[in-house]
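Each of the next two complexes has chain A plus one more chain, namely chain B in the first and chain C in the second.
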Partner chain A sequence: METFPQQIVNALTIGSMYTLVGIGFTLFFGVLGLINFAHGEVYMLGAFTGLVIFWATGSTLPVALVMLLMFVGAMAFCGGLGVLIEWLAFKPLRRMPVLIALITSLAVSIIVREGLKEFFPNGANPQRYLAPFGLEVLRLGPVIVAYESLILMVLTGVLIATLYLLVSRTWLGRSMRATAEDREAAMMMGVDVDRTICLAFFIGSALGACAGVMNGLNYGSIKFDMGWTASIKGFTSAVLGGLGNIYGAMVGGFVLGFLEVFVVDLVPKGGQYKDVITFAILILTLVFRPSGLLGPAAGRRAG
Partner chain B sequence: MIGPVARRLVACLVVVLLLTAGVFGMGGGRTEAAAKSCKLATNLVLTGGWAPFGVGMFNSFKLAVDQATAAGELKDIKVDVTRGDNAGDTPQGVALATKAGQDPDVVGAFCCWASGIGVATHSVYNRYGLPLILGGSNDHRSSRPFHQSKVVFRNSPYDLINMKMAAVYAVEVGAFKRLYLLDDTTPFGRTQVDEFEKVARKLGGDKVILGRDSITPNEKDFSPILTKIKPLNIDLLYLGGRVVEAALIRQQMVKLGFTAALMSSGGVFSETYIKTAGPASEGSLATFWGLPIEYYPEGRGVKFDRDYKAAGFKEPYESFGPMAYAAGQVYAQAIKRVGCDRQKILKDLETQEFDTILGKFRFDENGMLDILNIAVYRVEQGQWKILYKTDRKATKFEKVS
Partner chain C sequence: MAEVDYARQQLQGQERRSTARVLADRAWIFSGTAVVYGLVLLGLSVEQTLHFVLLLCGMVVAAYGWSRIAILRGRTAELVQREITFLWACVIVGVLGYPVLLRGNPYLIHVAVLAGIYGLMAVGLNFTLGFAGLLDLGYAAYFAAGAYTSALLSTVFGLSFWLTLPLAGLVAASFGFSVAWPCLRVHDRYLALVTLGFGAIIELLARNLRPLTGGTDGILNIPPPAIGRFSFLDPLPVGPLTLPFQANFYYLVVALLAVGVLAANRLKNSRLGRSWEAIREDETAAACFGVDLIRYKLEAFMTGSFFAGLAGAVFGHMISFIHPDNFNFPVSMGVLCMVVAGGMGNVWGVIVGAVFYVFVPERLRDFEKLRLLLFGVSLLLLMRFRPSGVFPSRRRRLELRGEELDALTARRAAGPVDLAGAPADRTS
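Coming up: the complex of A and B.
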């Protein structure tokens, strides 16, 4: 009981992290019907891009500016990289069954992960990240909140809101939803489908990169295989909430986060059984609600 | 008269005959030299996540053999150290072991780093009667007497001994009274904590262990489990796991306001742990089956350090380098005494004394060397500092001033 307040803070942090990765998955599925497992590696590359920027500027510029540069630089670089990946790996497969693209995305994921491990200096080992607040934390009575966690939670809220507004209120968002409903009809209505998909990949990848940098800042270190675990959790969050639904990714992320935290806290040897119990609950949920907790009614996908 | 076609045919025939003679001639020469040359086959992790350790071991092993050759100790015997990369993958390790066993020129093997590979390959080496020195391979099931492969020898103690001394330190020497145990669910981490727990309960009673749980490798956020443990007011968290998770756990412990120390073993005893965990690593404890380089007898460690640098290897020798160097010295001394013969080398390893960087030692009836250097280290001012080391038989700790 005494641990509940702290565990709630822990769950909000973990849930925010899962949400940040999940919204990328939901965006790709919403616009393209694509389950993109390369997203986890773009997230990882975002973290490493941020690391390189930190190495280049960390000793000469103030911390706040370095952090801003890390986010902006990683998002720009990985956004562009996402567009490149789409053009190379997914565009040729647009007329194929989506399953083919899923397998391709797995292949891209392996290439990027192993490539970084081999070619990045000391790539196999964990890399220390910028710790903007060192070991300082905020104490609210018995509860401890890391400043980085606060930033993470705020960032998650801002990104969810922004993405929702983008999809529902802008021309680009309408184009994305039209492309998702019926690609050919959208083309006939004057939507530049190629450009829409390109932009969707740019935005999705930039979001992933942002999540990667945030992960590094929050946990103090990154490693070449961080993308794979993140993919599993992020994808699970998106599915749990309803693939294609942006708020769904948030609901799914926080439900998953809370589930994990309270299984560990309340179940004896909870640490050992956390994943088993959590995924069992996920399976049960999907049995009764296959489209996820906030999933759209059968037939509709995005928005 | 010989026409142009026939002339060309004859010319080709002459060339072919000359080449064949040349090949046989070289072959013949090689066959004569074969008795005076042999190979030592390595089977280490040279690529992948653990590569820094494996490459350091390979370089150190090779250095010892090359030095013996250069000093003229092997007379006119040429010993070639082959580079075998198992990439930490068991099927590859088994393939390398089989290849070495089937090659009649290979008279000794140095394997495996990964415990799983040690467990999988000892019977392979045994089948071919190929002497094997195990480097790393902490799991006792890779060693005698837990199997009957008589060709297996060790250049460092296995987990039962290491974990026993870790528990002796924690409960008796360090006098920690409120311990919590975490394993990382891998066979390596689990076995470590199982053994530690057994001895800790025996020495301190059940009351000394306040609980045990597991963490998942590749997780990043351990605050749920740490928050659960915090009300128990522990003074030591013992982790069976690797650097990545240990560094994260340590940082999160400090942020959550734990006063307890974090203790682990060989999986965490590395510069990378200190670099990754940063200032939070201060006060972390680890046991390891190796001493700081300047503690090896008669300055041999310091000399090895100098020689390694002078040899121009790009990579550092890491924590397992000195033991690998000792293994190379063992084979060099055995070959010097008995030549290039597997059976004779096996007998030599069983019966003789070896004079190495670790000191003078013999292998006991289970192939374990009789110098068991186990030390306790603590991170102080960003470096691992030695606090205690055991006597030669690892029965008790002595403080190191």
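Coming up: the complex of A and C.
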């Protein structure tokens, strides 16, 4: 068993990634009522965009700049892609039943994943990722913090703070919350709902892509099928925070990260059952507290 | 329904057709079925992928054209209505004759058995999703429950397949019950996530509970079914012919599928089926009219999972080897796609969906790498342009048309809107 502070660092590291992916799920659910299975693939594509940028610039530019470019490039590209997916796939289905949009998102996810697997050079195999610090780590007494996870946590903090300000203080954020609350009422109050949905898809996909790059930096390798696990963790975080509740998702990912790390540590053979825990949390939350941890106890009926 | 049946009897009684007319009708039906059947067999036997693709496209275009030309469609419908029994006879002969005609190609019979197994699952999911409107993304879990139950009972306790088959169905149904119980509290999107979670947990347990399920080694050497001394791995003698052993499984699956179709048709207009439909349309309204939501939702899940359990048992005993990978999320997704793409609520539609889902990729082996990509693209296009599926049930088609009309009204609120043909209750 590793030391307690060490586990906190580990939990914060994975919690950051879960949170960033979870925010996307919650945004899409909020504005469209959609469980977007394609989001995991956007996350995966974010990691691959970062990889391409690394290939293109890695040998000429200083490492810090390369990493900055990777994050910015991946977020911009995938944000745009998210908007494109929304426009092509989901916009025509606005008034269709839930099931149709759900299957469409599955279809988009298959297309993105298989497209990358077949058309990216050597796409079916794991790809080595940029390791800017090699094996060097920061030692704080007994606790080991990889520089990668430090960057990852700080960046997540900055992004979440920015998003928090955007959502709570600006006009754009207010229109997003209004759309999530009641799309038609927002429309009547003069909110440009289509633009808000586009914005939500841009932000959600960009954050997902950012988490993808982080995953690559943290584990040193990426693969075309990494999106599925991210999807599971992401929507469990979103559910924990209360689907559609943007503030909730900021917390949900960290809660899930902590639960996972400590259960794996405390339960014998917990590693095998890590994903079982995630799913059990997902089910229990949905059944007993569908409005999430932050939502009111007797929230709106889950439906 | 009684009134409708009565009226139909009256009409048929009035219409006395001459013998020549009857014969002509039957000749049309027979030749029509024969042509379709021949095209299907041709599609299965052409060597080159390109030819297959061309044939498939041709058939799709022809079928679409046929359904768009009102006079052709009307005539066909009349003809089918007059000679429904004869059409049934033709279809049954065709289905039963498949292994006889393809006895030289056991592989195609094997693929047909797989299609039948998937078809059985699709028929099962059609109860839950198509009839009662309950979204289940973890359907492979019941398939797994059936397969593991039957495999364990026959390998460990040596029970006969004919005993383990119903037991597999019942165990799967009890899994359905335990999934459904907590699900009574949640609705559509949330239900999708809960069932997805359950499905994934079952798969993970199958993978990790080594002492029970063999973990990632799976379960090996599952014995084939047998009737007396006749094992299902022996060739099947039919009169002067000898069919390859796959034909045994083929007839088994066809029989189970017939049970499924019969159950679906009988239940559709029963009290149970009507209650399911009411729940699908509007839960609150159904509850207000005295539909017992808890009971009927549980029954929908259990009926659906029962058939998945049967399918699982047959699958295990046919392949003789099961592995957690046979029951992962893509399987649930595949069955879901068959049901939605085939036409939710229409039992024939979902079976055709299953047949396509299994056969088309088989024939596209040349595009091995792009198969999934093509699948994704076609699914996307289908959802965009024909969301009610290829063979929608009538009611479902009207529902979705209503949704589209709502959208149309909202978009062109200022201008005149053509509402001709709209279901009256949707236009308000």
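Heads up, the rule we're going with is that the second predicted complex is superposed on the first by the 282 of 303 C-alpha atoms of A that agree within 3 Å, B and C clash if a C-alpha of one lies under 4 Å from a C-alpha of the other, contacts with A are read in each partner's own complex, and residues count from 1 in each chain.
Rule of thumb we're sticking to: contacts are C-beta pairs under 8 Å (C-beta built on N, C-alpha and C of every residue); 3 or more make two chains touch, one makes a residue touch a chain.
Every value quoted in this text rests on a predicted model; they were computed, and no experiment measured them.
*Asks:* Between chain B (first) and chain C (second), which does A:Val261 come into contact with in this model arrangement: first, second, both, or neither?
*Replies:* A:Val261 sits against chain B, while chain C stays out of touch.
*Asks:* Just checking: does A:Ala180 make contact with chain B only, chain C only, both, or neither of them? Give me first, second, both or neither.
*Replies:* Neither partner.
*Asks:* Just to be sure I read the superposition right, which of the two partners does A:Met96 touch: chain B = first, chain C = second, or both, or neither?
*Replies:* In the superposition, A:Met96 contacts chain C only.
*Asks:* A:Leu286 contacts which: chain B (first), chain C (second), both, neither?
*Replies:* In the superposed model, A:Leu286 contacts chain C only, not chain B.
*Asks:* Based on the superposed arrangement, let me know which partner A:Val31 touches: chain B (first), chain C (second), both, or neither?
*Replies:* In the superposed model, A:Val31 contacts neither chain B nor chain C.
*Asks:* Touch check for A:Val66: first (chain B), second (chain C), both, or neither?
*Replies:* A:Val66: touches no partner chain.
*Asks:* Looking at the overlay, what does A:Val239 touch: chain B (first), chain C (second), both, or neither?
*Replies:* second
*Asks:* Applying the touch criterion given at the start, work out whether A:Gln272 contacts chain B, chain C, both or neither, answering first, second, both or neither.
*Replies:* Both chain B and chain C are touched by A:Gln272.
*Asks:* After superposition on the shared chain, which partner residues are touched by A:Ile111: those of chain B (first), chain C (second), both, or neither?
*Replies:* A:Ile111 sits against chain C, while chain B stays out of touch.
*Asks:* Does any part of chain A touch chain B in one structure and chain C in the other, and if so which residues?
*Replies:* Residues 228, 272, 275, which sit in both footprints.
*Asks:* Which residues of chain C touch chain A in the complex?
*Replies:* Spelled out, the residues of chain C in touch with chain A are 129, 135, 182-183, 185-190, 192-194, 197-198, 200-201, 204-205, 208, 329, 333, 336-337, 340, 369-370, 372-373, 375-377, 379-380, 383-384, 387, 400, 403-404, 406-407, 410.
*Asks:* Can you check the complex and tell me which residues of chain A touch chain B?
*Replies:* Spelled out, the residues of chain A in touch with chain B are 2-3, 6-7, 10-11, 13-14, 17, 117, 124-128, 131, 134-135, 137, 144, 146, 215, 219-221, 223, 225-226, 228-229, 260-261, 264-265, 269-272, 274-275.
*Asks:* Within their complex, state which residues of chain A touch chain C.
*Replies:* Checking each residue of chain A against chain C gives 29, 33, 35, 89, 92-100, 102-104, 106-111, 114-115, 118, 228, 232, 235, 239, 243, 272-273, 275-276, 279-280, 282-283, 286-287, 290, 301-303.
*Asks:* Looking at the complex, which residues from chain B come into contact with chain A?
*Replies:* By the definition above, chain B touches chain A via 48-52, 182, 185, 212-216, 218-221, 223-225, 227-228, 230-231, 243-244, 247-248, 251, 254-257, 272, 275-280.
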